[in-house]
Structures are given as C-alpha cells and as structure tokens.
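Below you'll find the structures, each written out as structure tokens.
Here come two complexes built around chain A, the first alongside chain B, the second alongside chain C.
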Partner chain A sequence: MGSINQYIELYNENHQAIARHSSAALNARREKALSLIDGKQLPHRGVEGFEKTSIEEMFAPDFGVNVNRMNIPVNVAASFKCDVPNMSTWMSYIVNDMFHVPANARNNMPSGVIVDSLNSPQSQNIVAQYYGTIANNADPAVALNTLLVQDGVLVYIPRGVKLEKPLQLVNIFSSPIDLMAMRRLLIVVEENAEAQLLICDHTQDSEHNYLSSQVIEVYMGKNARFDLYDIEESSKKTARYSRLFARQESGSNLLVNGMTLVCGNTRNSYDIDVVGDNCETMLAGMAIGSGNQHADNSSNVNHRAAHCRSSQLFKYVLDDQSTGAFEGSILVSPDAPYTEAYQSNRNMLASQQARMHTKPQLEIYNDEVKCSHGATTGQLDASALFYMRSRGISEKEARLMLMQAFMADVIETVRMEGLRDRLRHLVEKRFYGQQTLCADCGISCHDNK
Partner chain B sequence: MDLKTGDDSSIKGNTRDKGEEDRGLINDVTSSEYKYGFVTDIDTDIIPKGINEDVVRLISQKKGEPEWLLEFRLKAFRHWLTLEMPQWAHLDIPTIDYQAISYYAAPRKKEGPKSLDDVDPELLDTFNKLGISLDEQKLLSGMAVDAVMDSVSVKTTHKEKLAELGVIFCSFSEAVKDYPDLVKRYLGSVVSYRDNFFAALNSAVFSDGSFVYIPKGVRCPMELSTYFRINASGTGQFERTLIVADDDAYVSYLEGCTAPMRDENQLHAAIVEIVVEDRAEVKYSTVQNWYAGDKDGNGGVYNFVTKRGLCRGDHSKLSWTQVETGSAITWKYPSCILAGEGSVGEFYSVAVTKNRQQADTGTKMIHTGRNTRSTIVSKGISAGYSQNSYRGLVKVAPNADGCRNYTQCDSLLLGPNCGAHTFPYIDVLNDTAVVEHEATTSKINEDQIFYCNQRGIPTEEAIGLIVNGYAKEVMNKLPMEFAVEAQKLLQITLEGSVG
Partner chain C sequence: MNDNILLEVKNLHAGIDGKEILKGINLTIRQGEVHAIMGPNGSGKSTLSSVLAGNPTFTVTEGEVDFHGKNLLDLSPEDRSHEGLFLSFQYPVEIPGVSMVNFMRAAVNEKRKYFNQPALSASDFLKLMRQKRAIVELDNKLASRSVNEGFSGGEKKRNEIFQMAVLEPCLSILDETDSGLDIDALRVVAGGVNKLKTQDNATIVITHYQRLLDYIKPDFVHVLYKGRIVRTGGPELALELEEKGYDWIKQEVDNL
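And then the complex of A and B:
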C-alpha cells in the first residue's frame, strides 16, 4: 500500500497530542477525514490529471510532523521580512506550520476583521461555520491535511468592510531536520467586503527536505472582491502540494495569481466553484523553471450559475532539465447559461532537455456559452531575437528581455501597483539568476537556483 | 465446442418471416431517420455466440488459414483475456457481454463468385441500395470497390486493371493466401495485438477486411474503396484493413459503412493499419454512418476502432479525413506516428452526434522524426441529448527537432441538452518544436440564422447551410464523390434535430 499509511499510523499514535494542540473545530473533522482515506492511495502517475506529478512520491519519505509544537524560532519578524517597497501591508507569518503575528502587526486594522490562528478564541465561530465545508476531501491528500493539521490562518473580512491595504502572509520553512508542514488557510470574505492577500512562500534552509501540504478554502459572499497572490520562492529540495478551493456567491469577483519563481517539486491546484450569478473569475499563473525543478498547475473552473465570466492565463518558461505541466479545465453545467469562459496556456522551452506537458480541457453541457482555450508550446521568436541582435543587444541580453516580456501579461493581471513593480523586478532577477535581498531580510530568495 | 462439428452447428441467418413485407414497412416508416436500415435476406453462415480458444480456432479453420496466423490470433486472444475494457473515455458504455456476440458471420458462398453473374443477386441488390458501384455499368465510374458484409469480403472490382500496375487490392483472406510474406511482414506492425482491449479482441477474431499494397513509384490511378455492412443480427463486425504504400507510391482510400436498424447494440471493433514508406502518400477517408440507434437511444452500433498509420519513410504523408455521423457510441482515434524525417500527418474530422449518441474521438500525432509536421482540424457538432468529445494527443519526442503542429478543434452546440467537450493532451519534449492548439465552443450564431431568415430561408435550412459552411474546411479534403455523399449525409443527420 501507499505512503499514506505511515501518516495514518502517525495519527493513530499521536492523535491525543494532535487534538490537544488544536481547537475543537479542527478536531471535529478528523474522524470523517480518517474514514475517507482509509484504504485509499494518494494520487500517483497512473491517475488521470496526475500524469506528471506523483503526490504519492512527494509523501513517500517518512516525514516527521511537529506533533508536539516544538522548535518555535523566536522573533521571525526581526530576522525575516518580505519587503515590498512602496507598499505597506499587514504582515503575519507561518513558520513551518505555526502561526505568528507580530505584536504591532494589526495596528489600524478595521474592527471585526480577523487575521489569526485557526485555534484562537476569536476565530472559533467563523471556523466552526466554514472550516472544511469548501475543500473537497475526495482527494486523499486533502483529507490527510484535514486529519493532521494543527494550526492555520483565518482571514475574516466582515460584511461591507473594504481593507485599504493588503494583508501579507509569509510562509517559512526553517527546521534543523526534514519536515512536513500541514498548512491550512480559511478565508471568508463576506458580502460587499474587499481584501487582498499576498502569500510569500519561502524556505530558509536549503539543505533539508521539506514538504508542504497546503489547503486553502475561500468563501466569497455576494459582491465580495478578493485578490490572492501566491508567490513561491522556496528551494530545490522543497516539495509543495497546494490546493485552493473557492466558492463564489453571486456578483463576487475573484482573482488568483500563483507565481512559481523558485521551487523544487510543486503542484498547485485551483478549484473554483462558481455558484452565484454574475461572477467574475480570473486565474493566472506563471512558472519559471531551471535546474531540475518541476512545476505543475491544475485548474478547474466549475460554472454552475448564469451570466458568469472566467478567464485563465498560465505561462511557463522552462530552462535546463526543468519540467512543467498544466492541466486546466472549464466545466459549464446545464444550469450555467450565458457563460463566457476562456483559458490560455503559453509555454516556452529554453533548453533541449526542458519538458512541457499540457492538457487544456473544456466540458460544456450548455449551448448558451462562449468558451475557448488555446495552448502553445514553442521557443523564442527567432525574428524578434534577430531584431534585437541587429541593434547591438547581446544574445543573452536579448533572450532575457524577451523572456521577461513573455511573462509581462501575467504580471499585468496583478491589481496592486506596488506589487506589480516588485514582481517585474523579481522576475527580472530570477531570469538573471541573481540573488534578491529584501530590505532587512536575512534570506536571499534566489540563491537556490 | 467440437471443432469437427463446428461447421454443422452453424445456423442460417435466413430466419425472418415476411422478410419482404417487413422490410417495406420499416423502410417506409423510418427512412427519414436512417435510410440504410434495411436487412438483406441472404443466406448467412453464423457461428454460435460466445468466445473462447475453440472459437478462435474455428474462425481460423473456416478461413483455411495457415498456422502462423492462428498462432497470432491465439496470442492475441490470450492477451485479451488479461485486459479490461478501457473506462477513461467520456462515454457511458453499458456493460457488453462478450459471450453474447457471434464472432463470425459470412454471406454463405456458393463456390465463390467468378463473375458478377455468380454473386447472390440479393447481395448485389443490397450494394445497389447503398449506391456502391459493383456492377458493370458503374465500372466506368472508375472506382475500385471491395465490399465487406458482416466482415467478409464479398466482391472486389477493377482487380485486373490494378494488377497491371502491380497494385494489390483484395480481401484480407485472399491476401493471406496469395501474399503471405507481405501480410506476415506488416500485420500487427503498426497496431500490435497488445495495443488495447479492442485491438486484442480484433486480432483474435477478425474475419476479413481489405489489403492494399502499392508498389514502388506507383500512383494508384483510381480511388480504392471499401464498404462495410453489418447485416446478420447478434453479430459483431471485426475487420482489419492493412494498407502499405511503398516508396514514392500514392493511394487514396475510401471507407464507408452502414448497418441495419436493430433494437440490440452491435459491436464493431476494427483495426486499420497503414504503412507509408519514403516519399509515399496515403489519403484515408471515412464516411461513417453506422446505425446510431433510435431517438431514445435504443440499439445502434458500438464503434470501437483502432486506426493508426506509421509514416516510416522520409517525407511520407498520411492524411485522415473522417465524417462521423453514425454509431451509438464512437471510440476512435485515427493516429499518425511520424517517424520519417519530414513526414506529414493530417487529421480532418467532422463528428455529428444527435439524439442519445455519444462520441469520444480525435487523433494522436506522435512526432518522433525530425522536421515532421502535423495538422489537426476537428469540428464537432452536437444536438439533442448527445455528448461529443474531442480527445487528442500531440507528442514531440526528445530527438524530434523542428516539429510543427497546429490543432484547431471547434464545437458547435445545437440545443440546450447536449454536451461538447475537448480533451487535448500536449506533450512537448523538445525545445525546437512549435505546437499550437486552439479550441472554441459556442452555439450556432444567431446573427447568421437571422440573416438567413430575413432572406426567406427557413431556420432548419439555415442551420444546414451554416453547419455545411462550418464543416467545409474538412469536406473539402474528401474526394469528390464522397464529399457529395457526406454533405447529403450531414443534411439528413441534422434534419429534425432543430427545435
């Protein structure tokens, strides 16, 4: 049997300790999750949709879980800062799998807004109401996350509240041993509320093997507006399996932009359930691969209500022996007339050994629709390269410029100006293979190339 | 079953009472739905239902096959036993009882026809109804036809003329007898019996089919054509087509198929293998019009076909064109393996589904040679309660430099209850490849219908017009005679499917 058993065993041995450190709402879901994974196997290459990324293999090393909540590094805020110039944010941290919020980090936050641990007393009402109701436990890895998770973040924006500056969450791996972190986010944006969340995913120590299993649940009330930017700059020894589940009520507007700048073995899945009329959904993503990195994005936009629009844009630039995979699907149910759904996947292979696998899909059960998808895989345009060369730009420089230009429209989807500039800078540095240092930060995010 | 009594236990298909009357009646009532739904009252040799090693041996024995072919069948059968029916397609396939099918049905021969006069007149009548030019007057129309009924080849025309050029066009069983070396060399070389469930089944029980060999440098002067017809009830059709185009050869091959209307489902599991050598070109066109079941989804043919061509030679070319209007369920992916340097693969398809039809069809373009090119144009049209899926693979191997693929798949939805789906798989393992895919799904453009209405064209006709325009890109790739037929077929198929 599969690697899931070692974690079931771990749970059976430690369930008291796990329960002791978690709130009642988290504990309430565990038994159900256990029954769902019993006898199941984690998705592997034989499973449709996981041809290029085996979750089974990701979980195969017998990772330890910080059951007893040890090793809390002190004062992360002082040693670590993902600074975005010209943009101030409300910052909080997840170190491995534990939530931290600096003392002064919630200054001026409108009342009623909660950014806190899933275990904190003030979170409990909301957590009890929404936690585990949006994520689909049919994926054994999601059920495993529900089974083992001990902490996570609740972002709660009450009705009508519009945050004037973005929230920022920094995920850090920092541990002297190989470690698996079960991360969980619950985001509730109520009616007419607006918020933006920037997640930065980092690995502090590139010597150890880490695995993050992340489940994000997003609930959007009527006419809510929410932007989620998820930037991964981890290490080549970091594996990541992230699943985002969102439910959109009518009139809501969701933007998700996932950027994989540095990774080891990454799989991101986005499942958007559009249940209310007149929703807007924008899913964007980019991956820059080099070395042996592997980046896999999968999207599933499920239209279940009328007059909605969704758009997807995913771009990859793959160098060296890196591999990329994209699997996007648009599903329009019979209850979703007047849907407009588009999807685009553009990939560039920059080396002989780079590999790209793509599978854009449409499943349409309604005739009142306009849907399309497009996918291309190719290389740099030779005539554009020649144009630049003939104007005295060195080949290397020209290539890098064209690659940056290629990624420009993914960055354009970002609705925060400061972040857009920062991203341009990060992408540029990434292509040049240079280290980037944020002000006051001890980690150089690009030394893992 | 006892081998010796195998022949005796054959039953006659000639058991229908009032055959004439029934036929007339059925024709009258249903001709608008499916005009090929008649049953021909001819003496048929059917073996009992079920499949086991003895049945495989019996089929081989009935065909008087050599030992090596029996061995091939048995290997395939034993492999088939280890397989399960594939479930990955976007199809809802009812459980098929493989023991309830008779695996061999042949129009009973009276010492083999020597000329047209000796061929069963009922049979000729059938093919006349189908509009196949079997008889002398139509020899002038210049198309060589091999007609396969219940998977046994009944007549091949124009043989002598083709023989002058060295072109071999005959039934598979004749080829086994007359050209065993060629058959042995190419049989299973493109579609191995290990390929998939239906390929294994076909390899075990195939009864006949067509064999084409075009020698070096010969441009086949006429279109070769095969008509397939399932006639006997309770049988499956398992034919095999093998086409070999040697260096610098050219051939255009047409395939058409029909079946009677029956309440039960009939299984059609065929294999088509094509080998294209240096600078040769093969054009394979299909107009598939198997009985699709009635409007409630009763009956109809299950069309589970493996078609694949190997462009082995440099600068070889293989072009698939298909117009799919029939079958209750279609599971079919005509493919090209582009191994020769600079070889070209093409796939043009129109698939129409209505009522309760289901289709999961597309192509595979596997680029393993340098500078190979492929084009895929797929047009899906779904109406009624049907489900129509495009599923395709474009793969560029690591050493295949300079490959180019362009894929376009459009789906048109007529009515609120049908579904149109696209599942393309694109695997690029080489950085010099350029692979493009685009797909759109939408309903028929209301502005265009309005424009037609305004000029006095009723909606139904307008839709026919628009759909024909939409499918034109593919229809243009069909040979003349076929294009006319296909266009008519498209029109008939869409009749009554517009609310």
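And then the complex of A and C:
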C-alpha cells in the first residue's frame, strides 16, 4: 500500500479537530471522500497519464499537516506589498492553507461579490450548492484533498456583475518545518458576470520541503467571462500537484494561463467540461526549467455541446537537466457538432541533458468538426542565432533573447495589458538567472513600497 | 583612394561537411573601394560572405584573413561585427518575438560595451534610430514589430541597410541585396548604400546582375567560379558579363 495510508491515519486520528475548524459544507463531503480512497493508491508512473510524474512519490515524505490550526506567524503586510504597477487588484492571501484578507482589501468591491474563506458565514449558501460538484474525485489525490482540507477561498461573482479590476490571490508557504498544504478554491461566475483572477505561488524560504495539493473548481454560468492566471515562482524544494476543473455553460468564455517560472516538481492538470453551446476556451501555459526542475502539464478539454471553440497552447524552455512533460487531450463527443478545437505544444531544449516528453491526443466522435493538434521539440534556431551574432549580439545574450522570444505568444494570450508587461519582465528576469524569491518577486514589486 | 588595406584574404579554403567550396581565394580591399563579386550559381559567392562573417556552419581549412591588422578568423562573429564587418544577408532571418527595437538596442549597446563606452540613453537611442531610418525610408511601424517577421522582400533589404547605417561598419558585404527587389526598392536600397559610402570604408557587392551596379558603382569586378577568383577587372567587366554571360569564362577556366 502507498503513502495515502499515512494521510488516512492522520485523518482518523484528527477528524474531530478537522471538523471543528471547518464549515458544515466542507465536512459533508469527507465521508464520501474517505470511502473513495479506501484501498486506493495515489497516481504513480504505472498509471496512464502519470508516466513522467508520480504523485505517489510527491506525497510519500512525511510532511507536517497543520491539523490543529496552529498559527504560523507571517508578517504578510511587511513581506508582500504585492502590487502590479499600472494594475491595481483586490488582493488576498493563502498562508500555507489559511485564508487571510488584509483590512480594506475589499474596498469598493461591488455588493454581492464574495471573496472569502470557504468557512465564512456569508459563503455558506454558495459553498453548499457548488463545492465538490465540479471536481472529479476519481483521482485519489482529489479525494484526499476533500478529506483533509480545512480552509480555502470562495470567489463568487453574482449574475451580471463585471469586476472592473482583477482579483489577486497570493499563495505563500512559510513554515519552520517541512509542510504540506491542502488548498482549495471554489470560483462561481454567474450568468453574464465577468472577472479576472491572478494567482501567484510563492515560498518564503528555499530551505524547507513544501507540498501543495491544490484543487480549483470553476463554475461558469451562461455568457460568463473569466480569466485565470496562475503563476508559480516557488522553490526547488517545493512540490505541487494542482488540479483545475471547470464547467462552462453556454456562451461562456474561459481563459486559463498557467506559468511555471520557478518550481521543484510540479504537475498541473486542467479539466474543462464544455457543457453549453457557443463557448470559448483558451488554455495556455509555459514552463521554464533549469537545474533539476520538473514541470508536467496535462489538459483535457471535453466538448459536449455544439458550436464551441477551444484552443490550447503550451510551451516549454528546458535548460540544464530539467525535464518537462505534456499530455493534452481533446475529446469531442457525438453531442458536439461544429466544434473547433486546436492544441499546440512547442518545446525548446537549451541543453543536451534536458528532456521533454509530449503526448498530444485527439478523440473525435463527430464528423462536423475542425480539430488539429501538434507537438514540436527542438533547439534554438541556429540561423537566428548567427544573424544576431553577426550584428554584434553575444552568443549568450542572443540565446537568452531567443528563449524569451519563444514565450512571447503565451504571454500574448493574457488579456490584461499591465500583466502582459509584468510577465515579460518576469520571464526576462527568470532567463537572466535572477531567481525571484517572494520578497522581491516582480509581481510583488518591491520598488513600489 | 589611398593605399590603406582594410581586408586581405590569402589563399582561403573553406567548406561544409568535408566538401570544399572555396579553393584558394585571394582578395585585397582598400579603404574607399567598392568591389563587386559576380559569378554563376554555386560558385561560392555566398559561402565567401558567410565565412568572412564567421558563420559556424562553414569550416576554414586553409589560408589567412587580415582585417585591418587583426586575424579575422580568430574573432567570433560578434567581435567581427564590433571590429567593423557587416554582412547584409541574402535572406534576412525572421525572429518572431524579438522586437526590432530590442534587437537594435542590444546590438548598439554590445558594441559600445566592446569599446568601453556606456550604454546609450533611451532618448539618444531613439534619436539614432530615427536618424538612420530616414536613410532607407524605413517605416517607423516596423520598429515595434518582430525582427523581419512579416516584412516584405523590400522591407527586409531596407532593414539590412538600416542596420548597416546604425552599426557604421568599415567593411560591408552586400550578399545579393538586389534579389527580390523591384526597381523602386532597389533605388532606395542602393541610394542608402551610397549615402553611407565614405573615403574610409569599403563595400563588397555580391550580385548576379549588372543591374545593381548601375546604382552602386564598383571600382573592381571579380568573377568567382568553382571557388576561385578567375578574373578581375574594372566596371567594364560587369558589362561584358551582362552581354556575353558566364559561359566564355567557364570555358576558358575549364580548358586550362
């Protein structure tokens, strides 16, 4: 039996404390989750889709879990003056696995909008209605998250409300010991509502081993529009298993862009269920690997209604001994005529030792569709490199410029101008080897203090 | 014209993948001179320009190249550029994602660094760009675009001469700059080259046709064939080639 048992034991020993710290809606799902993982194993390399990333190995170390809600003191305000220049946001934090919202952080937020803990009284109606209904518990890691989670964030945008500035959520790891955090987000964007959310993952130190188990559920009502930007700038000792599940009702427009700038061992999965007609889905991602970092993205866009359009673009630049994996699939069901679905995975290997594994997939059960998929893995363009050098640009500089340029179209998918500029800057810094720890990350712009 | 030698190529042999293409080139270029290199397809014209610019695809197997006192073959492509060598590419490379502005800023500032000069301020840099753009009537819009991406044939060649204007080389090699140009674009590009001409610099014009030489007047015309310069003359040689083609030279050489 695998590492899941140590967490089941932990639950059995502490279930009363866990229940005491959580709302009824969170507790209501635990018994079912427990029954689902009983006798199961976390996904390992023998499971299809996990050949290159073992979740079992990620969870195997004996991480501390803060079941007793010990308050780990973090001076959030001092460390994270998070601000993106030319772009003000409504900001909140998850420190390890606890939700924090700074005073005045919700100023001028339209009435009815909720950005709050899953446990807060005002969240309960929505949480009871949607929590756990979009995520797929068939993955034991998702069920485990449901079993152990004690706090999380609800983002609720009521019908017709269009947020005029983005929401921002900063995930921070800060602990005197190795730590695991169960993170949970529930995002409900009702009919005709619009919102943008920027998530930044940071660790406050690079000494401790951290594991983040994250489950994000997104519900989009008719004609809703939602952008999710998820930037990881953690540390080499951080492992992350993040699963996003989204359900799109008709006419909705979803953009998800996941950017792995600094990581240890990361696996992101995106499952998009397109259940209404005339939807738009854009799924984009980038990973920049160096050292021994590992980044794995997996996508599954499930077209179940007519006249929808989806597009996927994932790009990797891998240097040193870093490794990358991509497995993307598009499924077009018989109920989804006139689907347009595209997928592209392009990778650049900047060293002899870097490795990329890619597996693009299409499954089509309808004749009236336009679909394509493609994957390429190559090296820096030698003719471009020589052209630049012939103009006096050193080989090193030319390589860095070309690597940065390779990511340009992923940044172009971002629908917030201020964030695009900031991302260009972050990617540049990343390639130039200026590791951004949380204290001086480009997004949490310290020059702005 | 003076006697200052800018470039001296002696018995240059070079090739690719073990196949010899240049088989003993000798060429002397002085300040203020314009040399045309002509020749049939496959004679080695573009290889010569690539080897002089330092393209790592080609291997030099024999010979020497002196570039105003420096051993050219010892220099990296970027240092050759800093030392004043410029190659206008026959097929300028498209670089998606790298804007013209960033590209030129990097080029200018790396050269300044090489000569221990501070980087140009943003306003001085923009002023320089504006000034040099005018020489080839290059549209300002192109500055914000990616290098050569989506440029027309004419825009690409103008862009090459624009870069030449910015970098102010002492030796420019124009590799088939006339290919893919209509008459109007040819006039603008050639006009740009002529404006940049001084008593101190020199130009090598590689071309198939006399047409370009109507605009850029050569002092010397060389015919390259089978990796060697088989004939050298004045501007009248280009006219003769235009009239008679290359066959008579090929026959002369092949019958030797």
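What we mean here is this: the second predicted complex is superposed on the first by the 431 of 449 C-alpha atoms of A that agree within 3 Å, B and C clash if a C-alpha of one lies under 4 Å from a C-alpha of the other, contacts with A are read in each partner's own complex, and residues count from 1 in each chain.
One rule holds for everything that comes next: contacts are C-beta pairs under 8 Å (C-beta built on N, C-alpha and C of every residue); 3 or more make two chains touch, one makes a residue touch a chain.
Small disclaimer: the values here were computed from a predicted structure and weren't measured.
Placing chain B and chain C on a common chain A by superposition gives a fit, with no clash between them. Of the two partner chains placed around the shared chain by superposition, chain C is the only one that A:F386 touches, whereas chain B remains out of contact. By the touch criterion defined above, A:Q6 lies against neither chain B nor chain C after alignment on the C-alpha atoms of chain A.
Once the two complexes are overlaid on the shared chain, A:S351 sits against chain B while remaining clear of chain C.
After overlaying the two complexes on the shared chain, residue contacts for A:K359 are found with chain B alone; chain C is out of touch.
Within the superposed three-chain model, A:Q321 lies out of touch with both chain B and chain C [touch as defined at top]. When chain B and chain C are set side by side, the one touching more residues of chain A is B. Applying the stated contact rule after C-alpha superposition, one finds that A:S120 touches neither chain B nor chain C.
When the shared chain is aligned, chain C comes close enough to touch A:S394, but chain B does not. Of all C-alpha pairs spanning chain B and chain C in the superposed arrangement, the closest lie 13 Å apart.
By the touch criterion stated above, chain B contacts chain A in their complex at residues 88, 90, 398, 411, 413-443.
Chain C makes touch with chain A in their complex at residues 53-57, 76-78, 80-82, 86-87, 89, 92-98, 102-103, 106-107, 110-111, 114, 146, 163, 167. Contact residues of chain A toward chain C in the complex are 381-384, 386-395, 397, 401-402, 404-409. If you check the complex, the residues on chain A that touch chain B are 48, 334, 337, 347, 349-379.
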